[in-house]
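Both complexes shown next keep subunit A, but they swap its partner, so subunit B is in the first and subunit C is in the second.
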Partner chain A sequence: MVIAIGFEGSANKLGVGIVKDSVVLANPRITYITPPGEGFMPKETAQHHRQHVLSVLKKALSEAKIQTKDIDVVCYTKGPGMGAPLATVAIVARTVAQLWNKPILGVNHCIGHIEMGRLITGAKNPTVLYVSGGNTQIIAYARKRYRIFGETIDIAVGNCLDRFARVLKISNDPSPGYNIEQLAKKGEKYVPLPYCVKGMDVSFSGILSYMEDRTDNLLKEGYTPEDLCFSLQETIFAMLVETTERALAHCNSSEVLIVGGVGCNLRLQEMMSVMCEERGAKLFATDERFCIDNGVMIAHAGAEMFRSGTIMKWEDSTVTQRYRTDEVETTWRDD
Partner chain B sequence: MKDFQLMKQGAEARLYSGTYLGKPTVVKERFVKKYRHKHLDDVLTKERIKAETRAVVRCKAVGINTPVLYLVDFDRRMIFMEQFVHSITLKDFIESNETDVLCNLALIIGKIIGKMHEGNVVHGDLTSSNILLVNLHNRDIFSNIEDLKIVLIDFGLAHTDCSAEDKGVDLYVLERALISTHAVADKIFPKIMEGYVKHYKNGSKEVVCKYEEVRARGRKRTMVG
Partner chain C sequence: MSGDKNLNIDLELPFGSKRIAEIVFDVLRVDEEPRRSGVCKKLTLEDTLIKVNFSGSLTRQLRTALNNFFEKVDLITETIEVIGLPKTESYSYY
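Let's turn to the complex of A and B:
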């Protein structure tokens, strides 16, 4: 039996999760929300995390109904992410680990998403589309690593959506992506936008610049904000589905798993499931509880590492803003 | 289309095999993708059929082996092209051969990609599935490199008249496709680059520079969230 606690705070979400043998005991989370037209900056985000981390931790412990002595391992996000928020949360994880006299494990954030997705959906060996505010990767497992087949060559898909939301001054509450999704449902007219797929890689910066330059004119020409949200979603999601399909065909895989914050967008899930149907594959996706950054994903991935014997020295319990998915050896997978 | 058999469903299209004008033929049908908006689907499909056709013609002109095109039909979204009956993909070849054989082959592949780039064609989706090895004597034996010719296929994402950066991305896409698929990628890819630089004398320096740049972008990008 392994009980693991996980601390996540690589971006604007702060979460603490507790798992006991792959069963979720608690997973509270709090999000730092900025005013419309503004993004979150490292300094203020770190401040937010400092302010709330202890109350979220207390909440997790009381929801899980466990004693700190029952915990086997303390896990935290080592990276990738924003430096200041990562460091803030890592300090708390190191402190409690020493107070409670428990081992500590740094977890790769992307691996956290993948393992969480596999746990919740039961997907065995899926081709993974990992889409969030900072990451856009198409990943498949091979030879003890999660290999990156395709990725964005500039900004992440979520970043593109967030920044477009700022152009239209769309609210960041609960998240800009969610609000774009709701507006897009009412969009009707399709505006042709740049479409940029290079092999299994994608690029979003050109689309964003195009939108930033032309939004005013398009609105004057009679397109509504809803039309623009609709067109943007249709275009960038088509790029994601197409590249995922390429990876799927290349690996002869029959499972697709979508993880990451953008992964809870129902239109993206719908498009992906149509593609899957067309080629006899199966789609696995989760909802906002597990798609969006949370503590349990770190706790679960950490528990898997712990079970397979991974040990981290105290002096290695640092954070890093750059931490590639394929740098981690997946000691817990034997296939 | 009668007498044509569905061969496989690739990422972009369905492939059918049969006989057209007495020749073994592959029909590549870019069927309607229901997941994407109709307007986008129409535009992309047309663009890609054009891109594929253009790139294949240009490749022929500079002496790269590609399938011969027999018929391009926009309305039915189809391209009829030469079928290589006695061929395997580079992907399968890599999995069933020794590293030193692969290194020799990699040099030749590098040379071919160099030649293609010299002719200002960027493939856009270089993977080990999109490189075919064809037996020259119409037999299903692929053990001797001398008996094989290398054929590039699947030019749907290709473009002509391209910059050094496009060519750099082309190499980067190939590198990543190899690393993610094959354990021996770290042995093969440097050999491909060696063959590339050796053949493409006048432009490879700039391209390799851009390739390093693109590579660094992926590796060093700060990733948040």
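Let's turn to the complex of A and C:
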């Protein structure tokens, strides 16, 4: 039996999760929401996490109804992410590990998403599309590593959506991506946009610049904000489905798993499911509770590492802004 | 001002017990100063006392490093207040 607590705070979400033998006991989370037209900056985000981390921790402990002495391992996000928010949350993780006298494990954020997705959906060996505000990767497992088959060569798909939301001054509550998704449902006229797939990789910064330069004029020409949201979503999601399809074919896989904050976009799930049906593959996705950054994904991935005997030295309980998915050996997978 | 680190700040932080001082010290010592901070930080633990020396060449950078340091110390002590005193006299998983 493994009980793990996980601390996540690599971007604007702050979460503490507790799992017991892969069962979610508690997973409270709060989000740092900025005014329309503004993004979240490292310093302010760290300040937000600092202010709220202890109340979220208390909430997780009371919801889980466990005794702290029964916790086996304290897990936290080691990276990738924004330095200051990561460091703030890691300090609390280190302190509680010392107070409770429990081992500490730093978890790769991307691995957290993948393992959480596999746990919740039951996907065995999926080709993974990991799409969020900071990451865009097409991943498949082979010989003890999650290998990156394709990724963005500039900004993440979620970053493209978030920043386009700022152009239109769309609200960041609950998230810019969610609000774009709702507007896009009412879009009718498609604006042709650049389509940037380069081999297995994708690029979004040019599309974003294109939108930033032309939005004012397009609105004057009679396109609505809804049309623009619709056009942007259709274009960038098509790019993601295309590259995922190629990875799926290459790996002869029969499962696709979408994880990460953008993964709860139902239009992306719909487009992906059409592709999966054509190929006789099965699509797995989760809702916002587990797609969006949360504490349980870190707790669960950490619990898997702990069960397979991973040990981290105290001196290594640092954070790092860059930490690639394929740097981690998946000691907990035997296939 | 020249590039050598000729400005120094020495601090002494007393704690209620040896174990608490040790925890705060252990949590703090893991993080290196950010490379671009321009400040060198040296931490030492003496019984219930944490001693820290900051050296740098720009007062602006020293102030930032000092601010960050106190933010961290505050967060650690607040965490101890919320979670409660340590369960054991030593940590078993270094």
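Everything below uses one rule, namely that the second predicted complex is superposed on the first by the 335 of 335 C-alpha atoms of A that agree within 3 Å, B and C clash if a C-alpha of one lies under 4 Å from a C-alpha of the other, contacts with A are read in each partner's own complex, and residues count from 1 in each chain.
Quick note on the criterion: a contact is a pair of C-beta atoms (placed from the backbone, for glycine too) under 8 Å apart; a residue touches a chain by one contact, two chains touch by 3 or more.
This is a predicted model, so every value here is computed, not measured.
When both complexes are overlaid on chain A, the residue A:Val274 reaches subunit B alone and has no touch with subunit C.
In the overlay built on the shared chain, the residue A:Asp293 is in contact with subunit B alone; subunit C does not reach it.
Look at A:Gly261: by the touch rule set out above, it reaches subunit B but stays clear of subunit C. Comparing subunit B with subunit C, more residues of subunit A are touched by B. In the superposition on chain A, no contact is made by A:Ser175 with either subunit B or subunit C. By the document's definition of touching, neither partner reaches A:Thr330: not subunit B, not subunit C. Shared interface residues of subunit A (contacting subunit B in one complex, subunit C in the other): none. Only residues 10-12, 80-82, 132-135, 140, 142-143, 147-151, 153-154, 156, 158-159, 190, 192, 195, 197-201, 234-235, 238, 241-242, 245-246, 248-251, 260-261, 270-272, 274-275, 278-279, 293, 321-324 of subunit A touch subunit B when the two sit together in their complex. Chain contact summary for the complex, subunit B toward subunit A: residues 9-12, 33-37, 39-40, 43-44, 124-127, 129, 157, 169, 173, 176-177, 179-181, 183, 214, 217-225. Those residues of subunit C whose C-beta lies close enough to touch subunit A in the complex are 23, 26-27, 30-32, 34, 71-72, 75-76, 78-80, 82-88, 90-94. On subunit A, the positions that touch subunit C within their shared complex are 50, 53-54, 57-58, 68-69, 83, 87-88, 91-92, 94-104, 311, 313-315, 317-319.
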